[in-house]
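The structure appears below as structure tokens.
Letters A, B and C mark the chains in the order given here, with residues in each chain numbered from 1 onward.
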């Protein structure tokens, strides 16, 4: 099957399942644990990414910045109360090496507002570098390529 | 990997795939076969569940009640003709013991009406206790936590 | 687990993940490689299929016709610029024999237009015959059963 990091493919599936579930449960401490000690987290419109434009919507180039960001989102969420729901497609290994793996997975995020109405928030593609730390798969570089770039309340939640 | 009930992870994935597919195919006899001899089936708005409120939208506390309910839905569907389509994310094992397993999976349900238009019906999270009966995985307690609570035609189909 | 063609279930999951991903990436050459030497590709409204009506929206009865069709779509896409995003549920083996396997998977397709707005395009069910060619799983007969039959720009992309 897949050599390199991905000895256990179910562990990869579980990593993505946990990623979406922990955002949806607002369990951001456990969510941060899915990232490697040294990590990045970027949200970039797909269009910009394909044109090589660096402009991103969220740009966390270290774990400290990501933790800081999550703290800010928690504050923001007090004023934009909603429920997220992630649907993530089957992860697809697009490159594998001895030390890291490039994995893609499509996603859709839905939000439910306080009136109980659910809407599609946006769709996109995760394009992530994954490493093994002490035998546990972690996101080292999480790249969220967002199809949707005309969203009203973009930054109130991680994607 | 996972001890306990889930010796075969693919069997778990198949259980969830069959669950959605059989509703979408209106094959409710086969769908009922996915439940254990002794089982429950509840649909509860996520908001109520998180606040500890017992009020549910559907409350089947035994297999007999569930079978009765399904019979009623078949009648109701004659007057609300539509096609369901379930998209279910990767199931995530959140607890496993020798005799039962707690598994969560996010879902989105779409409905297509007689004019051929497809709309999002709602999203949510399955939070299920799964047991093994004669070596086959079955739902013992199916809990459908529904993000959407402002839906017009809620009870015309199982979720 | 599953006998017959599907010795490796992950290979089946990967086939479906690649199917959606390669359309979304507009990599139609690699997408065509997912089909067997001798193959068919049909898009049929679910309603017609269930009534035994042969009328399909896309009808490619050979690999040559499919390749021709893809060439035409590439031209059409120049005038209907958009991004596709496929979300495909867990594939479900509904029949398996020594030489071919019948597999179903639900899907939702989203499209993002040039203004950056993402909408549900449609949902449906893949119902595919899969074969092994030189040890690699391929689609021999791809049947796209489309729930949605009232879509405006149906033929600008494969589903």
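Simple rule for what comes next: a contact is a pair of C-beta atoms (placed from the backbone, for glycine too) under 8 Å apart; a residue touches a chain by one contact, two chains touch by 3 or more.
Predicted model only: the values in this text are computed from it and were never measured.
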Equivalent interface positions on chain B and chain C, same or different at half: different
Relative orientation of copies chain A and chain B, as a Cα rotation angle in degrees, nearest 5: 120
Centroid distance [mean C-alpha coordinates] between chain C and chain B, Å: 26
Contacts with 2+ other chains: residues of chain A: 87, 90, 108, 120
Residue ranges of chain B in contact with chain C within the complex: 8, 10, 13-14, 16-18, 20-21, 24, 83, 85-88, 90, 108, 110, 112, 115-120
Contacting residues of chain B [partner chain A, same complex]: 1, 9, 45-47, 87, 89-93, 104-108, 120, 122-125, 147-150
